[in-house]
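Presented sequentially are two complexes of subunit A, the first with subunit B as partner and the second with subunit C.
And then the complex of A and B:
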């Protein structure tokens, strides 16, 4: 099957599917495959003109004075009491209403005990459709015109694994491409993350389930983590992220996909708003080829454990000692 | 309270100046205002007004930061002869060196501040109130050493001047340990700043042991270059005499440091290019360009040319002793190191990205405007400190006079 490369292709973004359900994923894949024939090479998901989200809004956290002060003096996530977190969540919801005109729901999703998330990606299957990229942007409320994307799919010549030979902006009429393979790169959720060491204010840390998260209200925007990351996984909000009202995903969490302010760093968080509730990450759900395997590394019966035990696997830049929890494998 | 008299007289010294002095101050104030206007734009629209990107996430601001930390560290080249070698001629100018260090650290910190996406959250680095990632984060170390260096270089001269003001000899036993501390501290600020970059195993261009030695060597070029020019200007405009030996010694140090720096450049080029591999990509981009892109080539080749001419002047004794040629060498080396250490060290670390993308960076007019403003602010801080320092050192103001005049130690205005 060959079809257009899509960045705005639509997959079924809703529905409570259990983690690791290959049948369901394959079904979704075919839905996405038939639905997705958007214009090739359109950068990011194109935002309709005149969307309600146009007003830039103040940078310092909100237009109401009380909320602005509330955000300004908000404590670090790990030091806030239950009440303080609830107040912060309410502020985020009010802010989204003011900025985007949308009622969102923001909660504080905690890690599930006994779960350590890991990802495995089959580069024999990945064909470079970039449906994962588009689904991620939608699910995680990335700024549309700022074109922040957590996943970068590299087009590689079949003869090499040298990243410097990779094509980042590949744009053929159709994929797959003869003589090429594709390698999606996103945050590896390192067990030994250099970005966490770099942060001068502990605004980013590794949670119990292995996800490296960012408190967007604590980040000072120094971008040292971006210099430290070997996977180019971290992205900065150079301007106010803008999302057309009808495209805002209203189901959000504090450390994950809630709308971000300007001037802070963000990155892939394994869709913590979904995966901590037993759902698949959006990229896995959107993948039309079934190349993506996500699951609990501590569960010996999980699909990902099967892959790690039985496939030829490798990790990116393993030699740096970062211990990524993101594996690549081949059939 | 004698300390209030002291501070009030210091401010009086700053407010009492010739027309040329006020023209200089006014000129700097205009440039600072230009910088403020540009920064206002940045605050309003975000860092999108800079040429920075996810690919090249640090640029002109951090380049200037790294360079200024070097200038600050180089003040140690006046402190060591003055206090450790007991050179009387250096004693008379060491205060100016410390003033320069204060201005440079202040400027370096300001460059980091304007680079922040959320300057409103700067309090997050404070102990207790904030959450400081010390000792894990190298950036946290940098904040500690820069703040400490700032305090040392404010405290030591203040103490010495205060003693002069009261007509007493400074107690060597009291301040000498602080001098020794300040000497080690000076080296530490630039080492930690180099570690900021060399700690990133994700960036092979920075991730080399040579980076810190190179930073120190180039600091001992750009620092003395600036100090020589500033001292000559102070001697001329503030009519503050000091021995020629100071200039000669600094020029000699600068020449040797520049020879070492150029040797380091050669070492890096050999190591990266003899067996060229992935680790050499940034250096290749810097000197020759990659995939047809090579924005930094003019910077690095200009830097190399300037430094080579400067090293010739500084190495040949006859040229070095010529005042005009020495001035030229100082300007050339200062500019050369500024280009090499700033644009030539910070930027190529990001190119290509860890995923192999070559994405270029060019500073925007707003970045240049903000930077110009910060440099003017540095000059203003130094001017003010030097003005007060020289007046107090020369004994223009004394506690006895202040008391005799019965002046209340008021907070002056304006």
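And then the complex of A and C:
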């Protein structure tokens, strides 16, 4: 069942195919689930139908029939009703239990009204420890085998701001290094994001609090967004992310750090599971030098606004017009 | 008026002088008919009175009234800074309260090198311009003091640091420096200076970084060896590489 936007699909529930007719989609989903229940329940007549439908099997890739069909017919996040979102969250939790053996809690954290997130990083203070990188990986359930890292710390020579001459794989005995400064790069959460424009299925969009999010169940893995992003902020899951059970972060949210499948693109989302509840993002909390400043751009008394008003700030690739919400500044 | 004072011929001088004298006679009379002079303190009037003069005292030149001297005050912060509380420091201090020992020891204000523990071996702060009692109080070892001898608790050590590092302190008050605890909104709890900067050796020491990210399969890290032989170099016909066209 193709989830790509087809030519005649208007999404108004009037077309004949399930893509443009959510009601038809739900009907087909329930019919398929019932038929599957009937088919699977016949040999195991003694077991209740619910248990038979929910039992995992190799035919569905380790998932259960109900969950496989449920995720297949799952609609776009921005079209799902509250019940459908809850069902999707429950599926994600069951999937994580099967995959990692961990009980996770997946939530649909909504943006806080009246908030637009901004981030500033003090390159006079960043010493290149990479504590932020490690904290992000721990917090956001990234695959330890694929070693996807949302943050990349660049070692720049003090004489230049040319990113082409930066060193990504610096590994000196101690940092800081004389004559170098360090600049961590992650998703800039642009106000004019090119990745959103490039996505052919609208699996990624900018939310009202400024975070550019991805619906991992809708992403088809074409990687157009990776080509569009000028900051190399997006990363593709070439493999099924493998995380040791004791390192899985059980506090997750749907558009954020919940366990992702293979074949989707992921990126920094300003730790939406934390920041939408008032907590600092993991990178800011981990930074020992206090080089990272995070807050609400719409609050004139916030720390980020003080930095933007009083410090020497710049943004990367300003000339592209992406309007990133990630600034760099010096003391 | 200009012609009166310019070096002119003698032909027009007498009428000019007459006019000048007339002016000198008429003008004070006009002055007498002028509105009364503004209230001027007696001291100023005495100074201003002297030879007959055209001078009217300037209203702005009221002599400066020295205000009453205030008691020295500890800096109370920036009014427009967002409110905050500071993580307490005293419970992190191993030997606090210092008066446990120092109540019994005789105070010695002579600057000297203190080698016995718990004193730090060296004071690498200020390039030799100050010593322990610049910040620590001679007769009250449980408090620091400002340069105006106001007592400061160890929990509020930022008040002592901010006497010299005032620019950094302003950034700290407003959130542009330092580290905030746990949340980006709501209750603002921040760390005091001495959590990160040892006041006896404030520069941050180098440490090892976390390991670098993996190089993707098929790619090479851009180390100096890479730049010596970058991809495609041997396919360029430049003399430097000496490669085949």
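Everything below uses one rule, namely that the second predicted complex is superposed on the first by the 269 of 331 C-alpha atoms of A that agree within 3 Å, B and C clash if a C-alpha of one lies under 4 Å from a C-alpha of the other, contacts with A are read in each partner's own complex, and residues count from 1 in each chain.
Here, a residue touches a chain if its C-beta (ideal position, glycine included) is under 8 Å from a C-beta of that chain, and two chains touch if they have at least 3 such contacts.
Predicted, not measured: the structure shown is a model, and the values here were computed from it.
When the shared chain is aligned, no partner comes close enough to touch A:206: not subunit B, not subunit C.
Residue contacts after overlaying the shared chain place A:161 against neither subunit B nor subunit C.
In the superposed model, A:228 makes contact with subunit B only, not with subunit C.
Touch criterion met: A:311 reaches subunit C, while subunit B stays clear of it. Looking at the shared chain after the overlay, A:180 reaches neither subunit B nor subunit C. Of the two partner chains placed by the overlay, neither subunit B nor subunit C lies in contact with A:105. In the superposition on chain A, no contact is made by A:94 with either subunit B or subunit C.
Of the two partner chains placed around the shared chain by superposition, subunit B and subunit C are both touched by A:152.
Overlap of the subunit B and subunit C contact sets on subunit A: residues 152, 168. Those residues of subunit A that touch subunit B in the complex are listed here as 56, 59-60, 72, 76, 79, 148, 152, 154, 162-166, 168, 185, 194, 197-203, 218-224, 226-232, 234-240, 261-265, 317, 320-321. Contact residues of subunit C toward subunit A in the complex are 80, 82, 168, 171, 174-180, 182-186, 191, 196, 204, 206-215, 221-223. Against subunit A, the residues of subunit B that register as touching in their complex are 43-48, 50, 52-55, 57-58, 112, 115-122, 124-125, 130-133, 136-140, 143, 196-197, 199-203, 278, 281, 349-350, 352-357.
The touching residues of subunit A, when paired with subunit C in their complex, are 127-131, 133-134, 147, 149, 152, 167-176, 275, 278-280, 284-285, 287-290, 293-296, 299, 301-304, 306-307, 310-311, 331.
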